[in-house]
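There's a structure below that I have some questions on.
By written order: A, B, C and D. Residues from 1 in each chain.
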Amino acid sequence: MIVSVILIPFITGILVPVIPFRKRWQKEVFLETAVVLNSILVWYLLLHHSDSTFLLAHFTGNLNISFRVDGMSMVFAGLVSALWPFATLYAFEYMTKEENENVFFLFYTLTYGVTLGIALAANLLTMYFFYELLTLVTVPLVMHTLTREAVLASRKYLYYSLGGAAFAFLGLIMVIVYGSTTDFILGGVLDPAKTAGKNNVLLLIYVMAFLGFGVKAAVCPFNSWLPQAGVAPTPVTALLHAVAVVKSGAFAIIRLTYYSFGTDFLQGTWAQDVVMAVVMFTIVYGCSRAVKETHLKRRLAYSTISNLSYILFGAVIMTPLGLVGALTHLVFHAIMKISSFFCAGAVMHQTDRHYVHELNGLGYKMPRVFGIFTISALALMGVPGLAGFISKWNLAGAAVESGNPLAWGGIACLLVSALLTAVYMLTIVVRAFFPGKDFDYSTVSDIRDPNWKMLLPLFVFTVCIVLFGVYSQPIVDFFMSVAAGAV
Amino acid sequence: MGPNLLANYGEAVSAILFCIGFTNLLLQTNLIKKIIGLNIMDSAIYLFLAEKGYIAGRAAPIVVDGVTSVEAYINPIPSGLVLTGIVVSVSVTALMLSLTIRLYLRYHTLDLDEISMQLKREGK
Amino acid sequence: MYLILSSIFFPILAGLFLLIRYRTPLPGEKRAIDRKALTTLTGIFLLITAALVAAALLHAKESFTLFYLTKTLPIYFRIDSVGRLFSMLAVIVLPCAGFFSFEYMKHEERESRYYGFYLLAFGVLNALCSAGNLITFYLFFELLTMTSMPLVLHSCSREAVMAGLKYLFYSLCGAYAALFGIYFLYQNCDSLAFTADGALRASSIAEHGGFLLVTAFVMLLGFGVKAGMFPMHAWLPTAHPVAPAPASAVLSAVIVKAGVLAIIRVLGMFGRDFLRGTWVQSVWISLTLVTVFMGSLLAYREPVLKKRLAYSTVSQLSYILFGLAVMQETAFTGALCHVLAHGFIKSSLFLCAGAIIYKTGKTRVEELRGIGKEMPLTMWCFTIASLGLIGIPPTGGFVSKWYLALGSLKSGMPVFDVLGPVILLVSALLTAGYLLPPVIHGFFPGADYDYGRLQKKEPCRLMTVPIFILTTASVFIGLFPDCVSGIIAAAFTGR
Amino acid sequence: MDFICNFPFFSILISLFSGTICSVLPAKAAKAVNRLVIAAVGLMSAVLLLYLLSTGESFIYWMGHFPAPWGNEIRAGVLEAGMALFFCVIMYLSMAGGAHKLPGEVVESKHSLYYILVNLLLSSLLALVYTNDMFTAYVFVEINTISACGLIMIRQVGRTIEAAVRYMIMSLLGSGLLLFGLCIMYDLTGHLLMSNIKESVALIMANGEYQIPLIVAVALMCIGLCIKSALFPFHSWLPDAYGYSTVSSAAILSSLVSKGYIFLLIKIIYRVIGFDIFNSTRIIDVLFVFGLMGMIFGSLSAIKENDIRRMIAFSSVAQIGYIYMGFGMGTQAGMVASIFHILSHAATKSLLFIAAIGLTDVSGGSRKFIDLTGAAYRNKWAGVAFTAGSLSMVGIPLFSGFISKLLFAQAAVQVEGKMLASLIVLGISTVLNAVYFMKTVIRIYTSEQDAPYRSITFRDRKGYTVVLVCSVLLNVILGVSSQPVVDMIGQGLAMFA
C-alpha cells in the first residue's frame, strides 16, 4: 500500500510519453485522474495508518529501505498530496505555451512519487535515498527550457544539491554508527553508550549535515541556486521550489534534528547556536535580497529562502513547541507561497511580464489574480486572521518559551523579516492597484484573468489561507500531538 | 651502521647502483639514457640477488663426487631468480627500444620533453 | 454582541460592496458610475454605522469571544471605558468628515475606492475600540494600516504613492516591534485580555524583569510610531498632507489615536506600577517632550498649511503621550481629554484647510491673506479651533492641558515634574505662533489688500456643517468637561 | 582435491595459450577466440566461486606437485575467485563495448596482435590474482605491464606512443622497486611463497631483529605498486594513457590493470606481511594521506579538464585515492570498503569509458565538451549510461558508488584519529565529483540548437547497447544487493589470514 502511492506516480509519469494520446485533453484527464487518485490513496493511507513498518528491501547490513507513516510523514505527505492535484491542474494551462510537454509531465509526476517517498521514509537511509533521487528528477524540470540560463541554473542546482547531500551523508553515517537504529524515533536514536566522549565530533557532523540538508532548504550561504532555478516553468518553481523540494530540505532537517540526533543531545550545545545563527542570518538575508530583486519570480524565490529559514528556526529551537511552529509554517508557508507563485505564473502566462516594474496597473485588469496575490502577501507578512500569523505566532511563542536568548534575537529577525516582506510584497500590490496618475491604461488593455484551470487552484489556496488563519485549532492540535509523539 | 655497510659491501653497492639506475630512469629526458638507467637498475637487483645467493667457499648445487651435504652447496634459487629477471628485463628493454625507435622515426628526437612539446603543438 | 459585531462588520461589508459594485471603469469600458447613488449610498452607510456604534456604546456591556485563532488566542471583544471614549471620537469625526468629502471629492477620480476604504477603515476602527485583548487589537491595528493606506495614496501621484508606502512601512515597523512585545507578554501573562493594572505574573517579573522592561519599551516605541512619537514620526508629515483633506482629518484626528489607544492598553498590560520610576518611563517622557517641542518648532517653520497641521499633530499627540507617561491619574485625565479635544480640533482644522484648497486651491500660508473675508464661516471655525489647540479657555484644549500640567506637577517625578509643564507651555506658545498668523492674515489682510477682487467663496453646506459640528464639539468639551470626566475616571481604573 | 581446483591454473593457462594461438589466426577468428576465452575463464571462475562458497575454505594448488617451500603455488579463495570472475565480466563488457570502434582505431593487420595482448593481459591479471608466489607475481606484473603498454600503443598515433613510453617508464620504476623490495624480503626470510614469508615475518617481528630492513622492503613494495596503480602523486602517466588509447583498452586499463596491482598489494598486506604488522607500521598513514590528496587533486584536475576521456581518466586518480584511503584506515572495515570500491569503480569506469565513446562518436569524434553539447539526444543509450555512471561516481543511492561511499564512511567513523579527516575529504570529494560529472551530464543534455554536430545521427548498434545496459545493470546490482558481495569480501579476507 505504501509503496503503491510512490509507484503510481512513477508508472503514470513513465506512461505519459509512452501512450500515444491523440488529444491533449485525454492526456490531461489521464494525468489528473492518476494524480487525484494517488492523492486520495495517500490520504486514505494517512488516515488509516498502522504503526507497522513496511520493509521494501535490505540494503547492506542493518540498512533497509522501508516506509512507515508517522506524525511527521502525515504532515508532509498530506501537504504534498493535497497540493499536487491543484498544481497539476494549473500546469496543464501553463504548459500550453511551453514545448516538450511530455518530458515535463514525466518528471513532474515522478517528483510526486519521490517526494512522497521522502515523506513516508521510515529511516534516514530511505529518506536520503529519495532525497538524492529528488534532486535528479527535478533537474530536468529546471532545465526544461534548455536555454543557456536554464542550463546554468540546473547545473548550479545539481552542484549545490549533490554537494549538500554529500555532507548530509556524513550525518547519515553518524547515525548509522552511533545510533541504535536508523529508524526515525522522536527524541533521537543516538546511543549514549556509543557516543560518550565523541560529542564534539558528533556536533560538528550535525552542523555539517544540517548545512548539507540545508542546501535544499536554501540556508545561507547555500541559497543562490534557488533564485536561479526560477527559470523553470512556474508550476515547477511554485510547487517544487516553494513546496516539494525546499520543504524536503526542511523536512529532512527536522527528521535529522528531532528523530535522529535527538533534541536532548543537541539542545544547548554550540551546534544549536551555530545553526540558529545561520538560520537567523538567512531569514534577514533572504528578505533583504528579495527587496532588492526586481524579477518577480526571483523575488518570490528570495522570499522562499527567508521563509524556509522560519521553518528551520522553529526546528532549531529544539523544543516540542518549536517543532509545532516549524510544522505550522511548513504547511502554511506552502499554501501561501504556492498561491503567490501561481499568481506570478498567471501574470507571466497572461502578459509575459516578468519584472516588478512591468506590473503597473495590472490589478485592474486581473483583479482576481492580484486580489489573491494581495491576500497571500498579507498572509506572508503575518497579518492576523490569515495563515501566516498563526505560524509566526507559534514560532515566536516557541522561541520565547525556550528561554534561549539567541532565540529571542530570532524573534527580532522574524519581525524585521516580516517588515521586509511587507516591503517587497506590498510594493507589488501597490504597483498593480495604484499605478500612478500618469499611467497609460492602453498598455494593459488586452490583458485579462486566466481561465478556470489556473484560477481554481488559486481560489482554493486562498480559501485555505483564510480558513487556517481564523480556524487553525484542529490542525495546530494535530501538530502538537505530532510534536509530542502521540501520532 | 658503518661496519655493517662495509661487511655487506655487495648489498651496499647494489643499493647505490639501484639508486643510480632509478634516478636515471626517472629524470633523464633522453630515452636511450632512460633505458640504460633501467638496465642499471635491474642489474643492481641481480647483483644483490647474486650477492645474497653466494656463500663463500661453496659450490654450485651440482652433485659431483657424490657430495650431497647441504653444507657444500649454495642456494640455487637466487640464481634462478636472476635468470628469470634477466629474461624479463631483456623483453622490457626490447619493448622500450622499439617504442623509442617509433618515436624517433616520428619526431626525429630522443628527447621526451621535446616530443611532448611537439605533441602539444600538433594540438591533438 | 450583535450590536458590536454589526458595528464592525456592517461598514466593512458596506465598504467591500462599494469597492466591488462601483469599481472604477477603465478607459474603454462603457460603464459609468452614478455619482449621486454612490454618495447617497455612502452617506446612508455612514449614518447607519454611526447609529450602530452609538447603540453599541450605549447598550453593549457584555464581552464575548468570537472565535479562537489558536487554542489560547481568542478573538475577544469587550467595550470598556477607554474604548468607549475613542469610539465616541470616531463616531463623531468620521461621519462628519465623510459628508464633507462628498463635496470635496467631487472632482477626484476613483471616488468609489475612497469611500470603500473609508468605510472599511471605519469598521476597523470600531473593532479596534471594542477589542478586548491584545491579539484582537493587534489584528485590527494591522488592518487599520492596510485600510487607511489607500486613503493616503488616493491621488496616485508619485508623491502620494511614496507617502502611502512610507506610511505603510513605518506603521508596519511599529506594529512588528509591538508584536515582538506581544510574544513576550503572551508567555509572561496569564491572558492577553486588557486590564489596567498589570497582567504580568509576579514570577515572571521576578525572573526576567529587566528583559520585560526592554519589551515594554519596544512596545511603546512600536505603537508610538502610529502616534507619531519621535524618533519614528517622519511618516506623519509626509502622509497626512498628500491625502485628500477629509482623509487627513480622519488620519490626524482618529487613526493616529489608535496608537494612543494602543499605548494605553500596553500600559495597562504591564501595569503602571511596574513601569513607574524605571528607565523606561524616563526615556519615554524625554521622547514625548522632545516630540512635543520639535513638532511645534517644525510646524512653526512650515509654510504649507496642511503640512503645518500635520506637524502640529505630531506635537499634540505627544501631549497625550506625555500625559500617559506621567502615569498619574490627573495627567491621565488630561491625556484622555486631549484625545477628544485634539480629535475634534484637528479634524476641524484639516477640514477647514480642505475647504480652502477646494475653493481657492491655495495651500501655502502666505497665500491666505484675506481668506477670512472670502470664507468667513470657515475661517471663524478655523480660528476657534486654533484657539482650542493653543489652549485658551474655554475650549477643550485648555481643560486638557490644565490637567496635564497639574498631573505632571503632582506626580513627584524628579526633573520632569517641572520640565514637562514648561515645555508644554513653550509648545503652546509655538502653537499660537504657527496657527494664529493664517487667522490674522486671513481676517486682517493689511492695507494694501484689494477688496475689489474679493468674492464670497463660502463652500456649500455639505462642507460647512461638518466643520461647524466639529468645532462646536471641541468647544463643548471645554465648556462641559464633566460629561466625560466620569468615563475617564472609569478608564483609569480599567472598567 | 576436486577437479574444480584445477580451474585457476586452467584459466591462466588457456588465456596464455590462446594468446599464442591468436597470433596465427585471422582477426575475426582471434576475436572469437578471445571472447570465448574470456567467457570460459569467467565461467570457470564462477564455478570455482560457487565451489569455494560451498566448501567455505580456500585451497592451495601445487604447481607440478613440488611441495612448499620449494614449489610454485596457486592459491584460490573466495576473494580470488570473485575477483577473477569480476575481471572477466568487466573485460568482456569492455571488449564488446569497444569492438565496433576497433577497425577505426587500429590498423587491420594489427588486430590479431591486439587480441594477443588482451589475452596476455587477462592471463597476467589472473595470475596476479591467484598466485601464491612473490616472484611469479613479479613476473606477471611485468607481463601485465608489457601487454598494457602494447594495448596503449596499438593505436599508432604519436600521443599513444608517447603515453606508452611514459606509462612504461613509470611502470618500470614501480616494478623495479617491487623487485628490489621482493629481493630484500627474500633475503630476510628466505622464502618466496607468501604463506612461508608470513611466518618468517611474524618471527622477525617477534624477535625484534631486522625490523628496519623489513619495513624498507615493505615500503619499497608498496611504493612500487602505488606507482603502478597511479596513486597520487604518481599519476602523471595516467590521463594520457587512458585518454588516447582505444576504447576497450582505456576501459580495461582503468578498470582492471591498476586494480590488479591493487589486489596484489592487498595480497601482500594480508598474506605476506600480515594485516596487523602492516598496520603497525607508519606506511598506512602515508597511504592514507596520499589517498586523501589523490581524492582531492584528482578531482580538481578532472574539473579543469576539457576533454571528456581525460576527465574520466583523472577521475580514476581520485577513485584510486579512495581505495588507498581505505587501506590507510588500517581496519578490516576499511579494507572491505576498498575492495568493494575496486569492484564498483571497475564496473563504473568501464561503463563511463564505453558510454563516453558513444557520445564522442556522435559528436564528430571530438572529445571537447563544447562539441558534446546535446550528444545524449543523438545517442540516447550512451547518454543514459553515462548519466548512470556519473551518478554512481557521485554516490547516488541505487548505484554501486553509494555503497562504497557508505562503507568508507562507516569504516572511517571507527578510526578515531582519521575519522574527521576522511569524512570531510569524502564530503568534499563528492562535491567535486558532482561538479565535473554533472557538468558533463548537463552538457550532454543541453539543447541541441547550438550544438555543432546536431545533424549526426547515431547508427544503432545492438551489441553496443546491450553492453551499456549490462554495465548499468551490473552497477545497479552492486548498488542494490551489495550485502552478499560485502559478505563475500569479508569471507575472502577471512580466508586470507
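Throughout what follows, a contact is a pair of C-beta atoms (placed from the backbone, for glycine too) under 8 Å apart; a residue touches a chain by one contact, two chains touch by 3 or more.
Since we're looking at a predicted model, the values are computed, not measured.
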item	value
Chain located farthest away, centre of chain A as origin (C-alpha)	B
Separation of mean Cα positions, chain D and chain B [Å, integer]	27
Chain centre separation in whole Å, for chain D relative to chain A (CA means)	43
Interchain centroid distance [CA atoms averaged], chain C/chain D, Å	83
Arrangement of touching chains [line / ring / star / complete / other]	line
Chain pairs that touch, as defined at the top of this document	A-C, A-D, B-D
Complex interface listing, chain D residues touching chain A	391, 394-398, 403, 405-407, 409-410, 412-414, 419-420, 423-424, 426-428, 430-431, 434-435, 438-439, 441-442, 445-447, 449, 480-483, 486
In the complex with chain D, residue positions of chain B that touch it	18, 21-22, 25-26, 31, 34, 38, 41-42, 44-45, 48-49, 52, 77-78, 81, 84-85, 88, 91-92, 95-96, 99-100, 102-103, 106-107, 112, 115-116, 118-119, 122, 124
Contact footprint of chain C on chain A as seen in their complex	364-365, 367, 378, 381-385, 389-390, 393-394, 396-397, 399-401, 408, 411-412, 415-416, 418-419, 422-423, 426-427, 430, 434-437, 439, 441-442, 445, 469-473, 476-477
Complex contact set, residues of chain C against chain A	23-24, 26-28, 67-71, 73, 75, 135, 138-139, 142-143, 146, 150, 153, 155-158, 161, 164-165, 168-169, 172-173, 176-177, 179-180, 183-184, 186-187, 211
Residues of chain A that touch chain D when the two form their complex	57-61, 63, 125, 128-129, 132-133, 136, 139-140, 143, 146-147, 151, 154-155, 158-159, 162-163, 165-167, 169-170, 173-174, 176-178, 201, 204-205, 208, 212
